[in-house]
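Mind looking over this structure? Questions follow.
Labels run A, B, C and D following the written order; every chain starts at residue 1.
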Amino acid sequence: MAELDTGFFVRWLTETAAAVDREADRLTELDSAIGDADHGSNLRRGFTAVTAALAEKPPPSPGAALGLAGRTLVSKVGGASGPLYGTLLRRTGKELGDAATVSRDDLARAMAAGVEAVTALGGAAEGDKTMLDALLPAVRALPESFTAARRAAAEGAVGTVPLRARRGRASYLGDRSIGHEDPGAASSLLLVSALERTWEAADE
Amino acid sequence: MAELDTGFFVRWLTETAAAVDREADRLTELDSAIGDADHGSNLRRGFTAVTAALAEKPPPSPGAALGLAGRTLVSKVGGASGPLYGTLLRRTGKELGDAATVSRDDLARAMAAGVEAVTALGGAAEGDKTMLDALLPAVRALPESFTAARRAAAEGAVGTVPLRARRGRASYLGDRSIGHEDPGAASSLLLVSALERTWEAADE
Amino acid sequence: MKMLINAPERVVADALRGMAAAHPELVVDVENRMVVRRDAPVSGKVALVSGGGSGHEPLHAGFVGHGMLDAACPGEVFTSPVPDQAFRAATATDSGAGVLFVVKNYTGDVLNFDMAMELAEDEGVRAARVLVEDDVAVTDSLFTAGRRGTGGTLFVEKLAGAAAEQGAPLETVEALARRVAEACRSYGVALGPCSTPAKGGPTFDLPTGELELGIGIHGEPGRERRAMMTAAEIAEVTVDALLEDLGGPPTGRPFLALVNGMGATPLLELYGFNAEVQRVLAERGAVVARTLVGNYVTSLDMAGCSVTLCEADEELLRLWDAPVSTAALRWGR
Amino acid sequence: MKMLINAPERVVADALRGMAAAHPELVVDVENRMVVRRDAPVSGKVALVSGGGSGHEPLHAGFVGHGMLDAACPGEVFTSPVPDQAFRAATATDSGAGVLFVVKNYTGDVLNFDMAMELAEDEGVRAARVLVEDDVAVTDSLFTAGRRGTGGTLFVEKLAGAAAEQGAPLETVEALARRVAEACRSYGVALGPCSTPAKGGPTFDLPTGELELGIGIHGEPGRERRAMMTAAEIAEVTVDALLEDLGGPPTGRPFLALVNGMGATPLLELYGFNAEVQRVLAERGAVVARTLVGNYVTSLDMAGCSVTLCEADEELLRLWDAPVSTAALRWGR
């Protein structure tokens, strides 16, 4: 299996940005049902800035690419998702160090640390109806394959529908949060799907 | 033809109050199209107070009945219609003096003076799309019969539909006032119709 | 349409009770429908009395206090007060120095206040009246009830109120009020209708994607309906209507500006709109000395805005800056 | 949904430009999204910095000035500001006496302000934080993100701001702010949804004849939907929720009360609602020392209201009455 180079990470982030841009209205719609109707525009603003930052300052390594993306999200998004996604990418990047290429297993380990940092920062656990419900299964499946990770994320995202939210804004709704997909889980799926697509494109 | 006594005037005003109460929502609806949506509630408040005042202080003469009603409208209605209808009734009552009974011709002459006072106070002329478009034809036809007066008022009220308003709130709309019946003309028709009905009931 | 009320016919009385509870510094006469300065009549001072239909809050009751109005008399929603109210307000505030009625130009307001003035004069009160007729959307005033009084009322009440507070006699306060009224121009735009308690629903329909230009403050439709515009475009239409009516390019005298919300437009949007208003004014060469942004002359829950410009001079600027202490406008004290 | 804007992504920057034009007494940094007292840093004074998502105006930028906040940093609509903003606001206002961040309890606000606090401390700024979590509608806080911060923010900013203005050191201001935050309870009711620029339409559907109880200030639906009620009934539900949470019948200490509009409810209705709130409080034996009625902590164009009670004592009353001079709250100066 091929190693993942800096270009791969830049393409992944760019692909994520494109997906977020396409799906922003849907994310906002989801956030409108159980939140405050800004998740799509938050992430669009953030990932647009990420694309610009990557173009302006081409990163020297996979870790640097994720670090730059994470810092950009923190300084452009705000809200809950800015620090959380920012931390996810920064921490994952930090774990990758300055290696020029990394394996999928390296990435899986690093992302596990990244997701762990999100858990520590936000205090949420699996089943609380947050982005973690897509991210945790995804990083668990990542050692198997990119496709397995995407499938796990997709299942996790859909799996948030019947849950009662216990973290974030949706938790204020109590039982009324049941029956809606969590917007952060939906956007996490976009991130993991973009990873799969980037891999498949590289693999061709 | 029978003379009109104080009881007749009290019944006329009470009958008008009942009609205004029944039709208040329609008057407000008309005022909503080309005004500020309060004509019905204004007149309802006013005529409810008129009925109460007449019951509390039975007037000694036709003139006194109209005078009391007019003063009550002035002090309870506000808006344009309060002073205008108040003036109409006060002035008509004043013209009737303290005679115990009056003829239809006396009433026609007195109402002509009352309507004249409205013209002087509000500065409107026939064709300006106001209550005068129902009142002026009505008092011109009153010497003929109560029914003729009501018919004239009805024609006048409907006749305001194609007019462009030149007085009152509707005038701000310019050409957009065309195509709607004037609420004040509609309420004037209620007053004149009540007069006819009161006469017919007395006549039986 | 849902409203935070008990019953349509109780709205004004309830509001006055609530105002009394919130403002112990005011005398609120719920029964007689008037709001009066606690220290009225102020010895030797000309009294300013205003009023009109309710639904425009904080106008007028929110402007009662030191440096502005001595009394306000609120009518029913969108219905001018009855003469008794204005008469009582005048006698309650007249110190002997006379009373100036500030009247917005609507048939009902004019008729009722004129009757009040007669009553007051019969009681020996020296009374004068200034008419506010600042709405440039009403163009052909020969064929209408004349220009409506809208946002300019705030400037008349503030500036004449300051002059009265400083001890100017009735004739001076009246002349000043008239000068201010003549210096004011307003123009309003609605993005949606308002709902009156009496009607229980919206006073007009405004299709999605359209706005009303040249509206008044009583939920009446405007002069013209157009496709929805950006804040920048609305600012252009509005400012140009005002400047044109003032007779072309600004003279170099500074303006007082009021960027006013009609009730339901968020302050966030109003400030953004103000940015565009100021940009257009600057582009047209107009100098703005003071700007007030907020919901001051409203139309219940109407979405939209109006802009009022008042051509000022050193004296008017000084009067504007003079202390005022009311529920809605307060500075310098 | 029609809005008085240029484009959704420009709303906050446009509003800041408009605020700059209207308030020369403030320093408005449009680029870095902050509003700062012109005389900041005030020598020897603890700086109060707050912020949060936009759409709640006048909160927070409208409370910047003498006796209240030293700086505010507005995020995008309903989106907490980024750490850089709050960090910059802290360094721009710190005189060496330290900075108190006033943070409403939302995941995003807490995370971003905590990051800002770390950045500030790295720069040698003494920083403290007080969390406002006053919304009693959020009951089971173990299973939620905890109580939301809403109307109580105004009391924390006003009272701690007064203490800071009077020269209290950081520890004292922080302790006082915490005491005020703990003394505040809020409860909100929506009669209609709000519309955000990003979404371009209403954030939830509320059928005719129903209202939402226990709403926050971000257009999120409430805890419960019920058939429409009168102002009197809404006041009863609201006041009882507050008093119950305060632990039963009032202790005899006086309350500060905020009867707050969510944005699109006319002031006329708010005053009427206040009458009912005061009636219910009196019936329950509660003493209200000061009442503020108006749109202070809003949710864009939402129709509805909230009530905040702050249990006070002589010291807090004195701090409430202390001079304040901001865009939205001004007295005593």
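We adopt the following convention: contacts are C-beta pairs under 8 Å (C-beta built on N, C-alpha and C of every residue); 3 or more make two chains touch, one makes a residue touch a chain.
The chain lineup, named per UniProt: A, B = Dihydroxyacetone kinase subunit L; C, D = Dihydroxyacetone kinase subunit DhaK.
A quick note: this is a predicted structure, and the numbers were derived from the prediction, not measured.
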Remotest chain, chain C as reference, centres from CA atoms: A
Inter-centroid spacing, chain C versus chain B (mean Cα positions, whole Å): 32
Where chain A and chain C are represented by their mean Cα positions, the distance between them in whole Å: 53
Residues of chain D engaged with two or more neighbouring chains: 77
Multi-chain contact residues (two or more partners), chain A: none
Chain contact graph, described as a line, ring, star, complete graph or other shape: line
Every chain pair meeting the contact rule: A-D, B-C, C-D
Chain D residues within the chain A interface of the complex: 8-9, 53, 75-84, 106-108, 111-112, 115, 137-138, 140, 143-145, 148, 196, 198-199, 203-204, 216, 218-221, 223
List of chain A residues in touch with chain D within their complex: 28-29, 32-38, 40-42, 45, 74-84, 121-122, 164-169, 171-174, 176
In the complex, chain D residues that touch chain C: 2-7, 10-12, 14-22, 54-55, 57-58, 62, 77, 191-192, 208-209, 211, 228, 230-232, 234, 259, 263-276, 278, 288, 291-293, 295, 298, 300-301, 303-305, 325, 330-333
